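Some structures are shown below for you to check.
One chain, subunit A, links the two complexes that follow: it is found with subunit B in the first and with subunit C in the second.
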Partner chain A sequence: MGHADRRGLAPAGARAVGPSTIVAIDSLTPGARAAGSRRWVSVALVAPAVAIAGFVVLGGIGMSLVQSLGLLPLVGVPSLSLDAYLANGDELLTGLGLSLGIATASTVLSCVIGLTAAVVITQGRITGRLVAALSALTIPVPHLIGAAAVGLLISDAGVLPRMLGIDGTDWPDLVGGPWWVAVVLEYTWKESAFVALVVAGVLASRVARYDETAALLGASRARRLRHVVIPLATPAVIVSAIIIFVYTFGSYEVAWLLGRPYPEPLPVLAFRLFDAISLTSRPEAAAVAVITTAVSLVVVALGMALLRRTPLWR
Partner chain B sequence: MSASLALDSLTKVFDGAVAPALDGVSLSVDAGECLAILGPSGSGKSSVLRAIAGLDAPTSGRILVDGADVAGVAPERRGMAMVFQRPLLFPHLSVLDNVAFAATVAGQPKREARADARQFLELVQLEGFGERPVTALSGGQEQRVAIARALAARPRVLLLDEPFSALDPELRTDMHALLRQICQQLNPTIVMVTHDRDEAAVVADRVALLSAGRLLQHDTVERLYTRPVALAVARLMGGRIELPGEVGNGVHRSALGAIAAPDGESWPEGPGMLVVRHEAVHVAPLESAVPDGMVAVEVVVADRRARGPRAEISLACGEAMLEAEVPASRPLVVGQRAITHIPRSACTVVPLDER
Partner chain C sequence: MSPQHLARRSALAATIALGLVIPLAACSAPASDDQQYETWDEVVAAAQGQTVKLWMYGGDEQGNAYVNDVLVPAAAELGVTLEQVPIADTPDALNRILSEVQAGETDGEVDLVWVNGNNFGTGKEAGAWECGWTEMLPNMALTDPADPLLLDDFGTPVDGCEVPWHKAQFTFVYNSETVADVPSSLEELLDWARANPGRFTYPAPPDFTGSVFVREVLYSVSGGYENVPLAFSQEAFDELTPALYAELQDLEPSLWRGGETYPQDSNELNQLFADGEVDFTMTYGPATLTQLVADGTYPAGTKVLTLDEGTVGNASFLGLASTSGSKAGAMVVANLSLSAEQQAAKAQPDVWGQFTVLDLDQLSDEQRALFDALPSSPVVPAYDVLSENANPELAAAWVTPIDEGWRQLVLAQ
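On to the complex of A and B.
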């Protein structure tokens, strides 16, 4: 630690003293040194966790990047190239569009339904408690189980068409169909429960009194929702939306189970290439993973920028 | 914009509660009047306000605004605005948009709503603060904005729920002055809940004193102090002198002696408690003459307690005990004999039991 740092930690009164007395000041600021050593202790305590997380995250991304650029081939001489990115160019673009579509639809639907559920929950009536209980019960169910359940429920041979007495051939292609309805539905079911609980938690602590105040200023229920409740919930919704988008964009099993074989969303494409017997497929899988990660990071950055623009965050 | 308000046998029993939070409260507030609802914690003050605002439905009784029963009318349609103990400014809106909130939700164009809001910010002496976020305000400024926001809604009745109790004494004095100024300029009907006797005295035209959900007395501030109708009123208003005795032929006889009712007043015959404000008790030297209309009682100083610029004195008169306040500089010592002069007009007799 340099002198400048030490002066920064010294009491305000000591700052007026000239540079020639810095040595004397150093001997007069045991509090500053104690604060400095405490900071080092904190850093030392956090370091192991940061190191492991950094190794996994940055190491993983770094390895994927290096592999996708042809610098870590399974066989042959390493050489810098974009071949892995170009090898499945069409599939990559289609997969990117498909993944963005699924993630966007799932995120928007989850946020709308989740926010509605949160408002119902914070009203505190019996319906609210019922919705809260349903949301809480949804959270622990794994996506894989959810996907299997959705498949059993709404496929053309599923429980729902049978209950409704509709023939499988007349039932729309919800599972494995062109619109990926079952995939979006499964994500929406799980993630709207997540939004509902996160937003209800934020609203519960503050919305009741603001709601009363707004009512007494003449705001109808609809106006209160628009001018008070939704603005208060916005930061929590944005944060939830970022999490949901990144999760659904990078999630594999639901799209694999309930989607159609072609085209493939990015995670399904990446896993198929990773698992392929062709030795050149590994860098191609890494390229898909790198693009998935890059898009996710861009979405996180955009989401955080949006969050900073909300008046509550400022 | 001001409306008259009347409560008719207002009763509220909360679910699971044994005793009612409000027990048949009836009172009226004239248009443009400021009423303070005064009472200790748990007396039902805020319940009255919430019932008037429509936030809680009363168990029975009626609330009349300009003579019309408002039962079943939603809070947003009652034309009331409320300022709570916490300012509750909307954190996602600027100061100006907070004040413009009522106009905005009423569908006024934003520019008009803001121009209107600026007038109310000026009224609470916060011109130039409009563009600030609400987090950039001090506690006193926040409460001023809350008042401006409530007034900008043009309420028929303005409800204040202990709005200044979280502020320090100096700021409270400023806010009291502001409220008086607002009353002069806009003449709104105000119902203010407070537990502070001094605040009620400074701000209100009349005071409704509540205890355990019941209205004890609804009167002017002066009469609450000098003409309490019950022992509980005298005690809640800080009265310290209580002399049990009996009234016969309009004269109360107690350890203090015989004291006749003030001119033009009569006391109920039989047992009664004589109550006098300690502020009315004047301690004079032994040989001093007794002015007209005063009751003179010889006393001995039994105790003296310093209270900053004043001193509280306990005075023994046989078995009876009187209280008085004197300037701290006055050399009255324990054991010293003196004469107290009590104005007859300051004496009141109330029933012996506390109800």
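On to the complex of A and C.
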């Protein structure tokens, strides 16, 4: 049953039939029994996916939690303790700060660049198409390949310093340097393309009509950007930001490949501990993983709360 | 606590215990190869048609080529399918076995592992290795039963849990075109580094190579390996390591990038050496140098630095996972890898150039001729020159505390 039929049924006086009106009609017309069984069917259809996702996510996190609390040691008697959380206290805190820093920098830069690119794309000119093509080409490159490429390009003995004829010792420490420049750069390159495509998708379907209306009413370009385009894009930007933050916060390979041995971001710390050749370090690795997960969940919750407060949500 | 409470609680405990045990029992599928073999013929018969997965460090192209082009076809002739599983680092394999031990797996993914040192020691402690099977191998007779390198692996008794594969000698490598005053001891090497800031560094432990470099410095600052007890004790650690960390802290400002950071692994150090950013590198596998110089990866002036006090030597082994489902096949492959033909082929510099574990005195004339025919290298001296004054490895229990101390006192400062 399409919206067009409904619109045809609606009284002639109700010309501006918005989505909310349609929902209202929908809940009035069909029998309650039919709605109930339809809900049942949808639950049944989604159940396998939920079961698998639940098994993997809850099972994985549950196992990590159990291990981190000392209940699943490789040797010895299981006993409940917080030792694994306290064993690397200092490194955990510096790692947490570093991971938050990398994730924040990458997220902010990606959103700013991605939003700009999305606006350019929706202008629909040649440059827009070019930017869209570049973004679409960036998406399928795996982060590992991206990291290796960035490393080859801008490390001390990389392609760029060689092409520019700059000696390795005079080149800034971008790879493995104190500011993690190469890591943030790689994330920003990949994730801004992601933001650009997601936001451009949202803008393309909604912005044109409002933008034209505002233009007809005499709004300047800057005002249209500020009062039409950015508010319309905000929810999509927030959702993308949550995804990027959580991804960069928990990602291992880029930070390891382009980073330095100390201090370590949380995922690198977790993996080193997991791989360390001492029997007590597995619970410690699990503890770092649990903390990483907890922080990610908090960020998702904060982001969703922010999303609910945007005027376009509901 | 009331009896009902107690009863309810023990019922809960029993349920949890059952919940844990049932999956374990269900995992013990019949596909396993857990039987004890009496004779070698039984092993060979049982091995027919088995597939053996050899997990080994995959970052060495020559090693990969030797296994896939030489060892795999020879195993196929004996009726065993051998597959190499290249891994980034040996703990990956150990971790896999430990996970399988935890899950009660008996037909695991890992059969043989190229292993030594603390990976072996920790694995043995946690029951990751099948033990007491090596004396059954006919080719073990070709090794010297009294060879200390083959009896203890970083202080852990081998106890027939792993079969020797090759010997290694830790070696410093330098570029003779840029290093004029060649150091002849580790102390002189560190002095050279101080006199030439930015031209020397070492990989950050727990990298295998970086870790042994730090232990070499421990020997040096303690006045020789004789002064460091091989077995770990907290007293010896507290007494000896302050001088070690003080020396390395003092060295730090003279290192590459002012010691603010270190190469993450030996590959990164080798890359720096190949790019001419540093003048020294170090390796456990000096035999590969000949090829690296020949193909132009390393500068033509690359030379091996021999130190008066000697360097650490060790042997590496093939361990058999206790969770393996193809143990007979794995034993056949292990025996094959110890044959004079395979050991001599592996020692060819253009194949892999790994030093043999066999005792040449135990070989027949025909077998010895295979080794006599090996060419000499313009870059790397022979094993007996390299291994002169060889220092023993410290017990595995030393390794983790030293690496951890280094992270805290040198890296994090």
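Details
The rule is short, and it goes like this: the second predicted complex is superposed on the first by the 268 of 314 C-alpha atoms of A that agree within 3 Å, B and C clash if a C-alpha of one lies under 4 Å from a C-alpha of the other, contacts with A are read in each partner's own complex, and residues count from 1 in each chain.
Here, a residue touches a chain if its C-beta (ideal position, glycine included) is under 8 Å from a C-beta of that chain, and two chains touch if they have at least 3 such contacts.
On a predicted model such as this, the values are computed, not experimentally measured, just so you know.
Legend: residue contacts after superposition of the two complexes on their common chain; A:A87 is shown touching neither subunit B nor subunit C. Applying the stated contact rule after C-alpha superposition, one finds that A:R223 touches subunit B and leaves subunit C untouched. Contacts of A:I61 after superposition on the shared chain: neither subunit B nor subunit C is touched.
By the touch criterion defined above, A:V112 reaches neither subunit B nor subunit C. By the touch criterion defined above, A:R209 reaches subunit B but does not reach subunit C. Once chain A of one complex is fitted onto chain A of the other, the partner contacts of A:L160 are absent, as it touches neither subunit B nor subunit C. Within the complex formed with subunit C, the residues of subunit A that make contact are 72, 74-75, 156-157, 168-169, 173, 176-178, 256, 260-263, 272, 274-279. Interface of subunit A with subunit B (complex): residues 209-210, 212-220, 223-224, 227-228, 231-232, 234, 310-312, 314. Only residues 53, 55, 74-77, 79-82, 84, 86, 88, 90-93, 101-102, 104-106, 133, 149-150, 153, 159 of subunit B touch subunit A when the two sit together in their complex. Contacts from subunit C toward subunit A in the complex involve residues 89, 91-92, 94-95, 98, 101-102, 118-119, 122, 125-126, 198, 204, 206, 257, 260-262, 264, 271-272, 275, 277, 399-400, 407, 411-412.
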